[in-house]
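Down below are the structures I want you to see.
Both complexes below contain subunit A, partnered by subunit B and then by subunit C.
Let's turn to the complex of A and B:
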């Protein structure tokens, strides 16, 4: 089954929650909906589910217009950020509830509940009630409830944010595995770029109610169509520097010059934005023509086994993503090396012109 | 490993000991002291053991008012709990209307007991009270001062008017704590309104309802002022509940010994019923 949104707009109290969304989700696809808080992820999911109606536009399932069809008559299931289960039913009854509503025969219910519980490793808790389980197990129960029926559309609304890091990685992998064997469309809302990459599949970037890019996750990550897309799909956010291109060289912020190299040839003289991934800036040069810049440390933020280092001088304000734990005191003068071969180039209007590995050839149209 | 003993730690517990001693144990012990003595005057008192307890447990006055008391508290719970839930379910969830409802609900709770009694005493009079007059003009003979049923009805009505708000407010806060996602999930499951109430809202309200039932039970079991202001416990003894029987004995007749024994029995009943209710509920939880 496929799901198509055509020119879908939703306006609530004069405010655009979704603005002219066009999207086509293929049968059996896994789609990550990546966007910041309030970008419209939940609004979009509610429309897909049929919990809300669009103000304008159409929703098609398998080519059939289902715009006005309420959620009860669509075959969908949903997993939420909170662990939603019937509090006074056992795990078994919780998982069985969608099947009971569908009037499935009792032996069949038993069999399917058991299978689903086994897939999610909660078969030993079937007689317990949700509140007697850990958070991870409660969410597994909610997921089992969503997966036990053959829904044609399964929506995950940030299902893992309330779990700890380890459980998150574990369940994320399981969700992927569980959905591989199915023909249903999965939509997974997330605010974390890394989660989108880990889940693979397709990524839809949502920004201020608009879909700015849709494609395979790695493609979207490597070739963001514009500055918003690049910022959205980068954690920590991508570094942007305004620069001037002449016939022979590039000047960053009127201070640092470097000659045009084969990776950024072909740009007309003028002003551009240059983007650098935080992981591409180093404390040691990776390449002979990396650009050395003297800065001072503003903050070294340790995140797991990585360090996010914020540095600045009077012209630049940069973030570096370094592997390993680095401790630096504030105001320590250091040198960083900007990658002149791994630059994203954006026009002043924000459109992407070049990405590392993809040369400018009269403009890139994703 | 050797355990380190630090006796100074006892000083840290001392404030709690003192507080509990002064707030509960010492006053209670004076009552216990009275309840085992026959006191004639300041210097003449005889130890009588469990005599007063025996006498009180066989006292028909206590039996009658205890029965009345249980019926009254039962009625209060049967009316106020469902009504409170219903009010909470019907209340608007946001905006000005919600604030207005909350204020309206809070008003009865702010009115002192004796004022509530006085309000209804006047309100219910057939000659000058709007409520009494209205009912009588409908052709129903209503007179709380003469008819025990009418007196009961009025006392119950007073209590419902005064305290249903408390249950409603508790339930309202409980309902607001249910995340929106539950209702969405229920819609996806095609659950009916009744199913939502029975399987989502009611279970989620359970903890506030336990508190609500306990508070309303304990409070209604100790009702004194309202019937006293309304009819002084009458007509006859029909609205004389436990605390009024006790007051008559202790203050009216100055039977300190029996009254003290009565107080302790009264206290133990409240404690016992509350404990039974609470443990049963918690037990049911675990058994399932």
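Let's turn to the complex of A and C:
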């Protein structure tokens, strides 16, 4: 089963929720739909599901136009961000519900519900009602209902957002495992770049109703097509510095210079945006030609076992991602080292011209 | 309970705190008892009268029946002109509740789930239907029902009461329905339910307390309403409340029978409210809690 969206646009009350989306999802693929809040992730999933109709464009399932086909006839399943179950039915009946409607024989229903419940570790709660369970178990019930039937398209709309951190990691892993054996298309909406990377598969970047990039997750991460894609797929967001390239050297913000190295020698003289991943900037030099910049600490926020450090001087405003917990007082003067070898280069229009490492793999073309 | 009350006193080591607490509790209990007594006195008096003979009622003050009698009740249960009043009232009240729910359930669903032109205005307009006193509609209803041959039927009263009950029912049900996440509807469709099957098998059970409360409010209005019910009926569908207001016979007022009728009129209300007692508060807030 493949799913194709052709020029899909959805306009609600004069506002573009989706703008000319073209997408082709392959059978058995796991696709992460990455985008900020209001980027159109849910709109897109509802169109894929058939819950909404596109204002323009077509949705094809296996080459067959299903644009106007109601959701009941589409053989899909969906897991929502909220824990959606039928509160007045037992967990067993909840999971069995799609099978009941498909007129599956009773012994077969029992068997499949039991199997699915076991996969999701909720087999001991089958006789309870969803609201008597914890949040994680409720979401597992919803997932079991989605997985119990052989849906050709399974949609996960930020299913783990309302769960705590530990549970999220655990369930994320399970989702991936459970879907490996299937030939159905899975679509997983998320706002977190790390989640997309952890899930692997493919990533579709959605920005203000438009698909800006689609490809395997690592490919999209390494080679964002433009500034939006780079910002979207980086947490904290990628650092952008405007710079000038001359025949011999690069100047950042008319203050810091470094000679053109082999990575970016192909650039024509002119103005560019240079992107640096927060994790690539260090407090100690990693390379001889790292660029030393004096800055002051603005804020050091600790996230898990990492520290996001915001630093600035009169020219730069940078974010560093450091492993380990670092405590700095505001306004502490420090030196940071910018990697001249790991620069993303974007044209002034935002298009990516150069990503670190690309030269060694295929050469620069632009 | 006792543990939480004792604890602070024990920690403070002073007994006066605990004593003051007991005092406030006592005072609170006294206040509530006095209020309940005050409210219940008329009902007790009605019950008291219903077990007395007319001579005793008119004879002087007695706090309980001196010559306990069930004669008054016997009159009501043996005289068709009395007990048919109950039958008539029950008939049009049930009819009204059924019609109201059948109309209001789909309407409330539409208001809670769909956006359509003028939905907010229409929703508010529904409530304004309740702002006119029933007396306003006496004449049109009377004339209309007389000319189409509905006069003096149970259906006439039931339909007339719908004018007031349907808006209220839509408002209450809409509140309860909006409390059910829309995603449940969609999940059902995704599972393969058709709309009708979903509505009957999943949605209605989810809002059954709301339906109960709505039925209760419709009952309450329809059972108590006198003006329309009396005007639109003459013999065949005459409600009990109307019969109770016309009991001045040649021998004067039959106090005991009237009291017994009053007691019997309270009982259905008591029964109905017993079933929805846990949900009534939510109903008064139109389901929006």
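One rule holds for everything that comes next: the second predicted complex is superposed on the first by the 359 of 366 C-alpha atoms of A that agree within 3 Å, B and C clash if a C-alpha of one lies under 4 Å from a C-alpha of the other, contacts with A are read in each partner's own complex, and residues count from 1 in each chain.
In the analysis below, a contact is a pair of C-beta atoms (placed from the backbone, for glycine too) under 8 Å apart; a residue touches a chain by one contact, two chains touch by 3 or more.
Since we're looking at a predicted model, the values are computed, not measured.
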Simultaneous placement of subunit C and subunit B on subunit A, clash or fit: clash
Contacts of A:202 with subunit B and subunit C, given as first, second, both or neither: neither
Subunit B versus subunit C as contact partner of A:112, first or second or both or neither: neither
Which of subunit B and subunit C A:280 touches, first, second, both or neither: neither
Partner chain(s) touched by A:129 [first = subunit B, second = subunit C, both, neither]: first
Subunit B region in steric overlap with subunit C, selected from 40-48, 112-120 or 184-192: 184-192
Residues of subunit A contacting subunit B in one complex and subunit C in the other: 49, 51, 71-72, 76-78, 80, 82, 84, 86-88, 97-98, 101
Subunit C to subunit A touching residues, read off their complex: 181, 183-184, 186-194, 202, 205-206
Footprint of subunit C on subunit A - complex, ascending: 49, 51, 70-72, 76-78, 80, 82, 84-88, 97-98, 101-102, 142, 145
Contact set on subunit A toward subunit B in their complex: 46, 49, 51, 71-72, 76-78, 80-82, 84, 86-89, 97-98, 101, 129, 157
Parts of subunit B lying in touch with subunit A, wherever the complex brings them together: 179, 181-182, 184-185, 187-190, 199-200, 203-204, 288
